[in-house]
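Just so it is clear, A, B, C, D, E and F label the chains in written order, and each chain counts residues from 1 on its own.
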Amino acid sequence: MPNNKNLNSELVPLYPLLYDEAVRRALLEDLARGDVTTDAIVSPEDTAKARILARAPGRIAGIAVASHVFHCLDPGLQLDVLVCDGNDAEANETVVSIQGAARPILTAERAALNFLAHLSGIATATRDIVALIARHPARVVCTRKTTPGLRVLEKYAVRAGGGSNHRFGLDDAVLIKDNHIVVAGGVAEAIRRVRRRAGHMVKIEVEVDTLDQLDIALNEGIDAVLLDNMPVKMLAEAVRLARKRAITEASGGITPKTAEEIAATGVDLISIGWITHSAPALNLSLDVDF
Amino acid sequence: MPNNKNLNSELVPLYPLLYDEAVRRALLEDLARGDVTTDAIVSPEDTAKARILARAPGRIAGIAVASHVFHCLDPGLQLDVLVCDGNDAEANETVVSIQGAARPILTAERAALNFLAHLSGIATATRDIVALIARHPARVVCTRKTTPGLRVLEKYAVRAGGGSNHRFGLDDAVLIKDNHIVVAGGVAEAIRRVRRRAGHMVKIEVEVDTLDQLDIALNEGIDAVLLDNMPVKMLAEAVRLARKRAITEASGGITPKTAEEIAATGVDLISIGWITHSAPALNLSLDVDF
Amino acid sequence: MPNNKNLNSELVPLYPLLYDEAVRRALLEDLARGDVTTDAIVSPEDTAKARILARAPGRIAGIAVASHVFHCLDPGLQLDVLVCDGNDAEANETVVSIQGAARPILTAERAALNFLAHLSGIATATRDIVALIARHPARVVCTRKTTPGLRVLEKYAVRAGGGSNHRFGLDDAVLIKDNHIVVAGGVAEAIRRVRRRAGHMVKIEVEVDTLDQLDIALNEGIDAVLLDNMPVKMLAEAVRLARKRAITEASGGITPKTAEEIAATGVDLISIGWITHSAPALNLSLDVDF
Amino acid sequence: MPNNKNLNSELVPLYPLLYDEAVRRALLEDLARGDVTTDAIVSPEDTAKARILARAPGRIAGIAVASHVFHCLDPGLQLDVLVCDGNDAEANETVVSIQGAARPILTAERAALNFLAHLSGIATATRDIVALIARHPARVVCTRKTTPGLRVLEKYAVRAGGGSNHRFGLDDAVLIKDNHIVVAGGVAEAIRRVRRRAGHMVKIEVEVDTLDQLDIALNEGIDAVLLDNMPVKMLAEAVRLARKRAITEASGGITPKTAEEIAATGVDLISIGWITHSAPALNLSLDVDF
Amino acid sequence: MPNNKNLNSELVPLYPLLYDEAVRRALLEDLARGDVTTDAIVSPEDTAKARILARAPGRIAGIAVASHVFHCLDPGLQLDVLVCDGNDAEANETVVSIQGAARPILTAERAALNFLAHLSGIATATRDIVALIARHPARVVCTRKTTPGLRVLEKYAVRAGGGSNHRFGLDDAVLIKDNHIVVAGGVAEAIRRVRRRAGHMVKIEVEVDTLDQLDIALNEGIDAVLLDNMPVKMLAEAVRLARKRAITEASGGITPKTAEEIAATGVDLISIGWITHSAPALNLSLDVDF
Amino acid sequence: MPNNKNLNSELVPLYPLLYDEAVRRALLEDLARGDVTTDAIVSPEDTAKARILARAPGRIAGIAVASHVFHCLDPGLQLDVLVCDGNDAEANETVVSIQGAARPILTAERAALNFLAHLSGIATATRDIVALIARHPARVVCTRKTTPGLRVLEKYAVRAGGGSNHRFGLDDAVLIKDNHIVVAGGVAEAIRRVRRRAGHMVKIEVEVDTLDQLDIALNEGIDAVLLDNMPVKMLAEAVRLARKRAITEASGGITPKTAEEIAATGVDLISIGWITHSAPALNLSLDVDF
């Protein structure tokens, strides 16, 4: 059901409290002692109009964050958003137009674009993989393989791209991975230990590599199984076995080339690390029109 | 001269003071309230041996940062570094081996790998583009298009990949860009304003798009010119004009395909944004060997 | 099954990273400009032996936090722990003995005791209510009604008292409360909106006040129901209706007097706000024995 | 003189600078990655009216802090304060009414109530003990036994309850306690050391357990004596001895039952730790009226 | 050319982001728990008019910082600036007039004046030494000998005094000092090491004590030479030798007495540490006119 | 009595917790992105011996702070302290010798010296003014006119110079100043308001300009009087009037020239702002001896 999958129209904005520190940090990192070029060339009285342009087509995410960058330097800058988060920009389309003092526009430019290009890159990569599996019910979910310090923003960008979020951290759900199974000495033992100690509001997912492990996990009554790096046929069999018993998640090196056949197995979720850790930035620029 | 270009053997480590906050932030982002999975399965008394493996070949950067992640949770963990920063790992080669309490190893795993994979990805992308132009004297330099909050680490990763660093921020050199020229009303006027105000220890670079602009800039006596998005022939002519008068830097959409012919123009520097903003993470994993 | 309920023997310690900032803040709040009394009376060379005593019997929680307070002033202080977290101290029993420089012992005393008394108070209140329902399978769980800035520590203290933790925040599980139902216009609609948007690893609990609401919620297939302020008979009926369909949680003004009859309904969880927001501090003192 | 004692009518507000960090910390602790329930159910466009109600009668403290919580998420929320800090709310009385976007009201609810309930609980406990000794001139003062990180707010809540503040930290007055006397080797020696070193604007108080110690302290000419855990008769004698020579402060396990007879001794101050460390939170709720 | 030297008329303001933390820190350092005097005497309803007066003549710097101090306590205070940064105040001239609530004016007074007096002291010292060499082309530059935590503000104050800024930190230019030369084993070797590794946008300056060292440095082709502690005659000779080959900077114990003869050598820059580390504060006061 | 006045031999060290943040801030301010000079010239393997020398005679303060700077970069550096805080260094005397890795020594040099020179400058200025009044019982005290962010350290430096500390902030004592008196409408009214509201452990001092005001203040029974800017004769009369009734403090433009005659009036305290806000830094240098 497409409605279930494409959440763009329902994208809920983040509170600035959640990214205010990241924005200040980025600005201070760039201009800790001032902008020697702009301060020499631009008078505090100069005004300008500028546009943020998409140089390549893509899904936009992070407009409010970029706006916050500009407003941290000058709350008086006026920004008009032409392409909202969760919507697509065409090549050379104006995403935001800005008006006000020229000096803070030029000084904040790079920090603002760095956020917007990074987050839009993630949203675009997510959108593209979501589109490839549109005929199937599977959702695309992201992982904890995010850029240090930016997880909340990157998870938001995935939602802007039409994807869903897996765990936000180590504390909001149980995911028993291969290394946990090694330490526990087996799938069943790991699950039992968790069941004895985990809170009642925490779901349990287990990573399995084989159908035997899957069988053990299902018999222990877990909520979800992460089917890791399985060949498509084995994956299809695993999905069949788990039907109505656990949510199924495929993971491991899934690419645009393989996504469709994986989704066709009927798996519930396709989790993809690279949409957060390796998505190329969207090409954006800021142009001053005097 | 290759010695000039490949600085790996002389890679100077960063002081932990420069990334301590980023590391704590990343850990708290991941486990603010604890690791519900590991805490349920692993006893505080359990010990383990583990290895960080390169799943794909690449240039390593960020070992000390990843170590700092582990040591923030448990200073008693023992790490042996098998592939140092600035060196190459082969596929499936062990980069670091770790020994000690199993619980902090599993809990710190993702935060540590997120740093190491991100920085090694940048180092690898840099190394590859540096290799492509090895026959020419040009250096590869990075830009300010970095991930918010990680600039110092990403600039370091570029050095680990054999590249050099351009400006660290808006405050350590003058770079007059197209938008400055628009506001100033011309190349010459922008340069003159800077010369009147900039400190004596600050170099001046100007972005030019045409040979006419280049001519104006050279006549003003600047230190470096950023030759933006020029066709190769125009670039070669620009390099010829600027010889012995200014450092020359080529920029704008330079790819592995075009790097060699651009370097062949004799340009001094090739600046590439994507080695920091769009390099895919290096594929790394942590495996527990009980 | 008592093993399921009393987790003391398996209490997992918190990483100091999770409370380091809280400890520094507490110390700076108390001695921002120094300890004018101790600095006037005690020489930096003086040494002392001291003991932290329980003045009243109680369950101990926070030893590592209190130790961290002392070590923030003087890493050379030697602490011997006689009653560990999750264990009970009798009146006048020595909990920790301390040896080293007298000055930091006296200066850190109050900040250390404030943590230890607060957390042990929570653990003691939890222990006592857990003991009252020991014959029944119900678990005691805490809520988000915690002291601002100390949630991770207070949730830990609940575990030290033998209780379990409900949600840690607004982000790790869905709990549809009365106000959400008002805004959504009904229980069913609220659940449907959540189901459309919540992640696959997030459980859904709904607060219901009547058996009709319970019926609606169970038909929507939620994971847990919070049965709020129900008379015991209605609660028993609700538990019966929800059996095998959802986890049941009783809440609302549960006191030591009413806990046993509530647990006797067979409810799975009893959630109690006052164990975190209103538990009296455990009476502790630090005595110097010269 | 009652005017001296009941300061409510003169309660001076705190500058938000003094609690801004505590508020942000509390919000981030609760919703670091967003409010999954509210974000799924409530549209950013929905508006609501809500009321904060006192569920039990009590003295209110912390309205501005709670307001700051709401405004950190949405500066556009409109709050009308019906019961100001330092005034009493009856059971089921509306303390604050709120109007604006529904989403931030629901998301900030718990963090705001946690502050308000905690501080109002302290104010209420203080008010009640102050009322019990209203016929006597003694003031109720709080101690340094406060919740880590919240001292400034808790001291303010004591003032809202009609109490006074003792020292704020280790740096604003000298209080020679039993442990200092042990280290110094006697009351007189401890006082002399302090007199030699303390600043001229710092008062000196000494804790004494016996009338002999009191005699020594008075002969050394101190400003105040803390009469610790004395039986009422001994306390009365001590107060008589110290009259016009030092301020007298009774401390040690003073309860509502014993407060009146202690105040009747004519002691100047009654210091009570539990009004800050063990006062139960005031029962408050937030109700949305659509 | 005086225009080149006196930049006051072109003084570019700092973004508040660059000093916001320093201002909050200063306020919290002064009034962490409130202002016991003002809160006792001044009602929150009292209003006042006040003036900041220069008690001695001097160059003003830091008005925006001082304003930010007041506005951190009360954004409603109205400040009228009568003497702007970079301009001179006469003795007893009103620099700023303030109107609004009396309480925050009195409480913020000291923190605001501490910034303004410190920065104006630096600006005044700079102005005075700049005036002494007005007939010569030399610029006065400051050093990294600044007060810890205030470098950006102090560098700004130097500009307000008509001086220029040398390096802001260890990262924005190369300055090879005597200790580096000792470690490298000589001037030439030190320069060569730097040339091999420094970025292309970084200028290189070398400290030399003798004409021989100068000769070596010039032959290596550096950008600037720091002529340290040279007698005036040697300095003049050094300047002659370096003409058109490197920027020349005189340093080492330059006082108002010696500045003019040093400038007369034709040296480009005179660097003076004491304008930042030892300039006496400008005498300012805040007077309330009821 | 000299013993009362010269506290050097009893100087109590500060806990690093009190200056750790200031030290990290200063280092990051100086080398946020690394030390481009040292990193190019000095190998991580190079070791060095260095000495911190007093270039001028002075009183030392801040050794532990400077050591903390070095150890923040490299905990392995070995420092031997030859002149301790509170002792005098002669010109060209070695204050500290340092041994270890050359790179962190050179990189930390300036940040460490900035602290040590600033604090030793304050200690030296204090020492000198204390010496001038050595024949009289008056103590020298500092004020709240300190450098923003460094108050705790500067107050410590005053103690190292043999001076005493007045208030640390607005919260540890009452000082009714001229502006308060203006707002209150008179000395007596201001004192009465304070007496009604101030805590019992807070002393009250009043600034008076005339003998009439003094008379009013003494009749109100205050603890101390600040005799502001009085001619010596009037001061002597004021001291006589206040004898045994209040501590007397002289303030207002006291210089080395006037200090002795002011002390001769028998005043208890001489408060001097310039020892903290305008003391010139002590001339120190760090020399590497290979």
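The definition used in the following text is that a residue touches a chain if its C-beta (ideal position, glycine included) is under 8 Å from a C-beta of that chain, and two chains touch if they have at least 3 such contacts.
Values in this document were obtained by computation on a predicted structure and should not be read as measured data.
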Legend entry - A-C against A-B, pair bridged by the larger set of C-beta contacts: A-B
Inset, instruction - Return the chain whose centre of C-alpha atoms lies at maximal distance from the corresponding centre of chain B. - result: D
Legend entry - Far-end chain from chain A, centres as C-alpha averages: F
Legend entry - Distance from chain F to chain B - Cα centre to Cα centre, in angstrom: 45
Inset, instruction - Averaged over CA atoms, how far is the centre of chain B from the centre of chain D? Could you give it in whole Å? - result: 52
Legend entry - Gap in Å, rounded to a whole number, between the CA centres of chain E and chain B: 33
Inset, instruction - Note the residues in chain C that touch 2 or more other chains, in rising order. - result: 31-34, 39, 107, 151-152, 168-169, 171-173, 175, 196-197, 199, 202
Legend entry - chain D-touching residues of chain E, taken from the complex the two chains share: 24, 27-28, 31-34, 39, 44, 72-74, 103-104, 107
Inset, instruction - Would you mind writing out the residues of chain C in touch with chain D in their complex? - result: 22-23, 25-26, 29-42, 46, 48, 50, 102, 106-107, 109-111, 113-115, 117-118, 121, 144-152, 169-180, 182-184, 190, 193-194, 196-199, 202, 274, 277-281, 286-290
Legend entry - List of chain C residues in touch with chain A within their complex: 3-4, 7, 10, 139, 141, 164-168, 171-173, 175, 196-197, 199-203, 205, 223-224, 247, 249, 268-269
Legend entry - Residues of chain B that touch chain F when the two form their complex: 12-15, 17-18, 151-152, 155, 168-169, 172
